[in-house]
Amino acid sequence: MNYNLLAPEILLTLLALVVIILGLLMKETSKNMLGYVSAAGLLASIVYILGNGMNEAASFFYNSLTVDPLSQVFKLIFLIVSLIVVIASIEYFRDNRNQDEYYALLLLATVGMMVVASANDLVALFVGFELASMSTYVLAGFEKKNPSSLEAALKYFIIGSLSSALMLFGMSLVYGITGSTNIPAIIEFFKSNPMVATSSLDIVAMIFLVAGFGFKMALVPFHMWAPDTYEGSPSVVSSLLAAGSKKMGFVAAFRVLVLALVAIRIDLQMTFAILAIITMTYGNVVAISQRSIKRMLAYSSIAQAGYISLAFVVTTQMSIAGGILLALGHALMKGGAFLAVALVGYMVLSDNKNAKNTDDLGNFAGLGKRAPITAFSLFVFFLALAGIPPSAGFVGKFVLFYSITVAAINQASSWLLIVVIIAILNSALSIYYYARVIKYMYVLPPNGEKIKEPVPYVVAILLAVIGTIGIGLYPEPFIQMAINAAKVLGV
Amino acid sequence: MAALISLMIAIPLIGAIITFLTRTREQARLVALLASGISLVISLIIFSRFDSSISTIQFGESYPWIASLGVSLKFGVDGIGMPLVLLSNIVIPLTVIFAWGETKEANRFYGLILLELVGVLGVFTSLDFFVFYIFWEIVLIPMYFLISIWGGPRKDYAAIKFFIYTHVASLVMLLAIFSLYFNAWTISGTPSFDMFYLLKNYSVIQSPLLKDAIFLALLFGFIVKMPAVPFHTWLPDAHVEAPTAGSVILAALLLKMGGYGLFRVILPLLPYSGSPAKLITLMAIIGVLSILYGTFLALAQRDLKKMVAYSSISHMGYVTLGAAALIPLSVSGAMYQQFSHGLITCVLFMSCGVIQHSAGTRIIGDLGGIAKHMPKLTFLMLAGFLASLGLPGMSGFIAEFLVLVNSYFTLPTFVILALFGIVFTAGYHLWAMQRAVFGTYNEKLGHIHDGANYEMASMGILILLIIFFGLNPNPVLNMMTTNAQQLLKFVALRGVIT
Amino acid sequence: MSLYTYLLISAIIFAIGSYGIITQRSGIKILMCIELLLNSANLNLVAFSSFNGNATGQVFAIFSIAIAAAEAAIGFAILVALFRVRDTINLDDINILRW
Amino acid sequence: MFSDYAAFIVLLPVIAFVLTLFLGKKLYSGGALLPIAAIAGSFIISFGIFLEIYPKDGIVQQSWPWFAGMNIGILIDPLAVVMLMMVSFVSLLIHIYAVGYMAHDPAKPRYFAETSLFTAAMLSVVLSDNILQFFISWELVGLCSFLLIGFWYHKPSAAAAAKKAFLVTRVGDVLFLAGIVLLYVNMSEIIAGRGFTVPAGNFILQFKTMFAAIPLINPTQLTYITLLFFGGAIGKSGQFPLHGWLPDAMEGPTTVSALIHAATMVTAGVYLVARTFPMFAATPSTISAGVPDSLLIVAYVGGFTALFAATMGLVMNDIKRVLAYSTVSQLGYMMLALGTAGAVVGAQAVGISMFHLISHAFFKALLFLCAGSVIHAVGTNDIREMGGLFSKMKITGTTMLIAALALAGIGIPFINIGTAGFFSKDMIIEKAFEYGQLKGDFIPYAFAIIAALLTSIYIFRLWFMTFTGTPRSERHSHESPGVMTRPLMILALFALFFGFAHLGFYDYLNKNFELLTGEKAAPESGGVQMSPIVVLLPVLVGVLGFLISYAIYHKKMLDMSKLVSSQNPLYKLLLNRYYEPKIGADIIGVKLTHDVVAQSGEFVDRKIIDRLVIDNIISNTLFKLGEFIRKLQTGVVQNYASITLLGLGLLILLLRIKFGGT
């Protein structure tokens, strides 16, 4: 059994410890280099994963962790997000005396997510979940002098632990039914005795799991924490939460729910369709009336969760591939967008030290003049989120909606078609609030002169832009990747 | 010289990027003019080498792109696309010349205009549905900015309305494309977005219900762009608020995308659709409704520009009508209407622009007798209006004559209805001229000056073109007819029309 | 005692916990309620484990207990930090972020 | 050899138009000489062609393919050539006259450019060999008329009149176009088969092809086609009910009225019917399928218009309006001729009608030019402010008197001496009588004869009030310059002596369609012997009219103030032109079309579709919804927890209901 495939996780764990220790030894001023260290570590892991085995398949620790295309794709997503977040944080937390803990926690969170990505056992899944969650609880409250940051952390913590409790409860039930915590074994059990599988107890268990994952995905009605937390926590952390830990829920759902649902052959199509539609509509409709951009982005990412969860409605290979693509795209777009907001916050603060809610729409007026690169990037992210080609967002939605349409035609089910149409109308509706911000950035006059955009931010944001447009212009390899990943589930 | 078309698309793109980077407006407009000029030259080369006696794709190019979805960059022109490519390349440079005096954020302004050129050229030449759709969407963005940055008082409302309205339409169209794509895929086993391939396989679809659904979705996507009643309300707002150059491009090129869709996509599908007869009637109704409705609303307008906007709606109605009639000459007449309306409407909107600019208002009632101070404009504007009301000797007449005469074979009732529109069309044009331009000079306007030379120049060129194509339609009409006949072979085969 | 007794008990604990979360105002109490929820799950695990006759459940339970501890620690940490800036841990007052 | 240059008949004035338009300012008298020279050229060529083809009964045909199986071409047959000569000649004279008349106008270049464009278009109407080119040129003359009526565009009345002229004729044009559509469909069904491909050398809308195809066209369709054509003619030639624009058109310069609204353009309608006469003649002469015979309708409309317009001519006080109504009524005569004589002597009707058309062109142009000369001198249009001008303006007075006599058709019967009008008009009236005998229907004849009486009354009223008696206003007046009077004299000569050409003219024109289609025309009907009364009556009423006017307006034997007062309803009716402007413009044009239809459309569009559906129903609902939902986000964490658990419960419940399970 070669542990090379787990090298990234191992590396990052060690790196986290190293960062902590270094932080103890170093003096305040030189702590800034820790950011570069962690960035290097993340970059190394990305390279490593890309280097060997996007398509490897192996399992470890008594088959409790598995490495397969699906896990690798999501690991890649998590790593990329963490990377750009770290790069941006170099500026955001410059000269902060606690940045060593920050980077350590961020790395641990990443490890947690990666564990979830390749978890093959409910225990591993739970542990990974908790590792990621707890690190992010702390990160959300990292500005410990800032009440809203702390409030965000608190809400995140309470709802988070509630839902992990629910999840655990669900897992216990599943274990009780199947007598095993190993996911393949569970699936096997369901396949072999359908009677049990369709028992109401089992359904209850499933719903508990849905609750647990739905919390991370910010799926209505498990979304309540998201807007507050995204708004309150430091922008870089919001970026990590929205772009990274959100996807944790999806990969878990792909691994457990999809398989389980396929196995127990009860059709939750309608249920998930309703959830998805409610989620996307809710997100978009509420986003319209927001003035705080971070909050608007929060709601828009709820809406995006709605789109992605369409993949569960028709669990076809194509739909899951689409879901994965959209998840990947969303990671880049949303992550980048939050970082851009962070930069705006930086800009506003450099205008006046003690400015309140820096992410207010008004601060974006004339951004195209004040911070051209940021404005343009934000423009790209918004169009991508709205699904305008050529962009990652478009490719994702394209494949996803395509798969639903196909399913609708195949099953000759008109309501599926209606689902797609609603989804489409939603993504048209979303243009409204994106365009409003774009208008502020490019049409309204600036209320301040041009600023110098800090290099780390710019690098991070541009990475996201390149990713977003790159996937849009040359989606071929990514589509392949997604399809391979979807194949793993063998649906 | 294989890659002429991609060159023609690439140059404005590069030009646009350079324009965005330029510092002064002189540089910006110069670059814009050069880029669009070169593109025009290329299109003229293509046009001169174009063989109008064959209906197949010419100057075709193909490059692989997304293998797993079967998407590839296919470009090419035929009798349907060529005239519109030419039109786009004529209109854009003239727009740049007309807007030569633009001062507000010139580099962005001209850059966006060039982007529009890229978009429409892409739409008119791409033969891969995926690519087609991408260009179709890209066109929206520069127009959104043109309206919302350089627009009038209610520009926000207009811009967003325009964007969402047409975006919804294109998304619905996307659904239909999905279905075609999936259908073709299941048949052949290999994915492909090749336009003709998808259209060809439409006939294989079993359920007539699905066929009609696909057809209607596509139709919706196109007629909203055209726009046809009752999906037209975005147009007047967009036009009223947009800057002159924006309106010109919107009316002359963006609306044509819808018509192009009819010929490129709808007509090949029509004979194989579930219930052709019903759909033909539907299209005819939409066409005639647009003609009459547009006319009467134009009659009701106080704002000169809004009147012109509604006149566009009514003129585009002829396109739908001619397409629905399914007679080779009516279809080519409809195509010719696209081409000629593209030229004519430019003059109208430019006139509105000049008046707005020098008199400070476009409200017909507040104007009056401006001919006294604006003789040059009056001359060109009158010519444009006469062309627009279908005066013989101008290109508009040929188009409408062909449509009316030939549609009568299959849609007599609708033609008779459409004929009623003509009187009122003349009515609102002359009414506007009489009230706004002739009569005693309204002293409240103060001293107004005639249009600038560059404006007059571009309008003059357009008028000359209108007259030229009114006296000698053959250069473009022949290739249209060739393709129209080819299109309607299948109609005849299916014996749809009786 | 049959399995259902255990399940019943854990269900009751779960109910109490969730009721508490909904009704309580003090952050501390809410933390305790969450602990209740987790422990109801643990109880399930252990019970199932003994009735299924394999140890996995107990292992899982141990894992989750450890995690719960860590979680509680973090929760208290956040509450303390919050108390420092807001002088209260009454959750009804903690709503700057809303709408 | 002239026939090789036939195209230049049109091209020369076109060239003149372009040149005058762009460098008129730099040339002498606004470049008047260019169009004059060009039109002189056209006249010479036309005349040359006439000399060429007259001896050998030839016709000139040239045609070039245009687009979609249609062509542009030249067809000069007897019908066309006489028309050509008349148009170019009259136009020439009027251009010369205009040099004087427009001398003081700043916008001379525009004027001459437009008139020469008009001449070109009119000539193109005349010599076009297919209905499409005919229609196009027809529209162009309409355009020029629009431009020239509105020549003084700064006068609101002029702008309005121009618009009205264009719109009213447009109604006719649309009917004409509809006729063409119908014809095209039938034709291409016949020769091209569904208009897919037209066999080479065949042009769908060529007159030759059309006439050849007449037997193949379904008679009912043919009737529709001809009636629609006649609709076009009604519009252009100001026949009832589309006559209203012509009197208003007098807002334009008098020369324009003379050229366009007397001599040439307004006769285009008659020319159209004459041109397509074989089709009219071929329409079933019985009531077939509920469609009456086209010629009958032509006759009735023409006759009625002749009378109807004459009545209004009686009361008008604007010198030009009187002439305008007289024009309308005379055009009515021409139509009447086509209708009645068509029924009696077939294709020869064309000759009869055309002869009146041409003689009318001479004397009506003359009348207008005289009127122009008077207006030029006096500076008003109102005959009530004129009077006693004869002493000062001998030439104008005399020539106008000659024209009046010609219009009234004064002459000596039986020995055939008389003015042009005498021959042309009396011939028409006689044919109307023959028609009555043939069909036992004397109504057209009645129209004609009463109209003749009224004609002579109003025209002499006009002459007396203008030239005799004592001046009714202090306006200095003088004879016009030579450049204006000489054309008057020339026209006067024609008004006097043209009539004697009638026999040759009839013979020549009778050959027309036989030359064109090769079929023999209907055999010469051995002229029915008329009772002398019938021959005498037209002249008698003419003289009677003269005497009445003489009595009333010269000798003032009876006082008109009784009749001529706003109390008298009949007078009011006439003075308000049967309320045609009110009904036409105000009620139909403004009230109905604009205020009712258009505004309601506007309402639907803006208020219902836009406001209601888009804004209120869609946008506002969404906004309100959003505002409402975001309030759920109370910010209190327990509520969040409750909602989470609630959602959980709901989901479980949902699924329990879905599959009961154990």
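So that you can tell them apart, the chains are marked A, B, C and D in the order they are listed, and the count of residues begins at 1 in each.
Here, contacts are C-beta pairs under 8 Å (C-beta built on N, C-alpha and C of every residue); 3 or more make two chains touch, one makes a residue touch a chain.
Keep in mind that this is a model prediction, so the values were computed, not measured.
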Discussion item. I want to compare two interfaces, B-D and A-B. Which one has more contacting C-beta pairs?
Written reply: B-D
Worksheet entry | Chain closest to the assembly centre - both centres taken as Cα means | B
Fill in: Between chain B and chain D, centroid-to-centroid distance (C-alpha), Å
37
Fill in: Approximate Å spacing (C-alpha centroids) for the pair chain A, chain B
42
Response to the item:
Per the C-alpha means, the centres of chain C and chain D lie apart by a whole-Å value of 97
Worksheet item: In angstrom, rounded to a whole number, how far apart do the mean CA points of chain A and chain D lie?
Response: 77
Item to complete: Two or more other chains in contact with one residue: find those residues in chain D.
Response: 630, 633, 635, 637, 641, 645
Worksheet item: Which residues of chain C are in contact with two or more other chains?
Response: 21, 30, 91, 94-98
Item to complete: Mark out which residues of chain B touch at least two other chains, giving numbers and ranges.
Response: none
Worksheet, complete the sentence: Every touching pair of chains is listed here as A-B, A-C, A-D, B-D, C-D
Worksheet item: Which positions of chain C touch chain D when the two form their complex?
Response: 18, 21-25, 30, 91-92, 94-99
Worksheet entry | Complex interface listing, chain B residues touching chain A | 65-69, 133-134, 137-138, 140-141, 144-145, 148-149, 156, 159-160, 163-164, 167-168, 171-172, 174-175, 178-179, 181-183, 207, 210
Response to the item:
Per the touch rule above, chain A residues touching chain C in the complex are 122-123, 126-127, 130, 134, 137-138, 141, 144-148, 150-155, 157-158, 161-162, 164-166, 168-169, 171-173, 175-176, 179-181, 227-228, 231-232
Worksheet item: Inside the complex, what are the residues of chain D that reach chain B?
Response: 67-68, 132, 135-137, 139-140, 143, 146, 150, 153-156, 159-160, 162-163, 166-167, 170-171, 174, 177-178, 180-182, 184-185, 194-196, 589, 593-594, 597-599, 601-602, 605, 609-610, 614
Response to the item:
As the complex stands, chain A meets chain B at residues 383, 388-390, 394, 398-399, 401-402, 405-406, 409, 412, 417, 420-421, 424-425, 427-429, 431-432, 435-436, 439, 442-443, 474-476, 479-480, 483
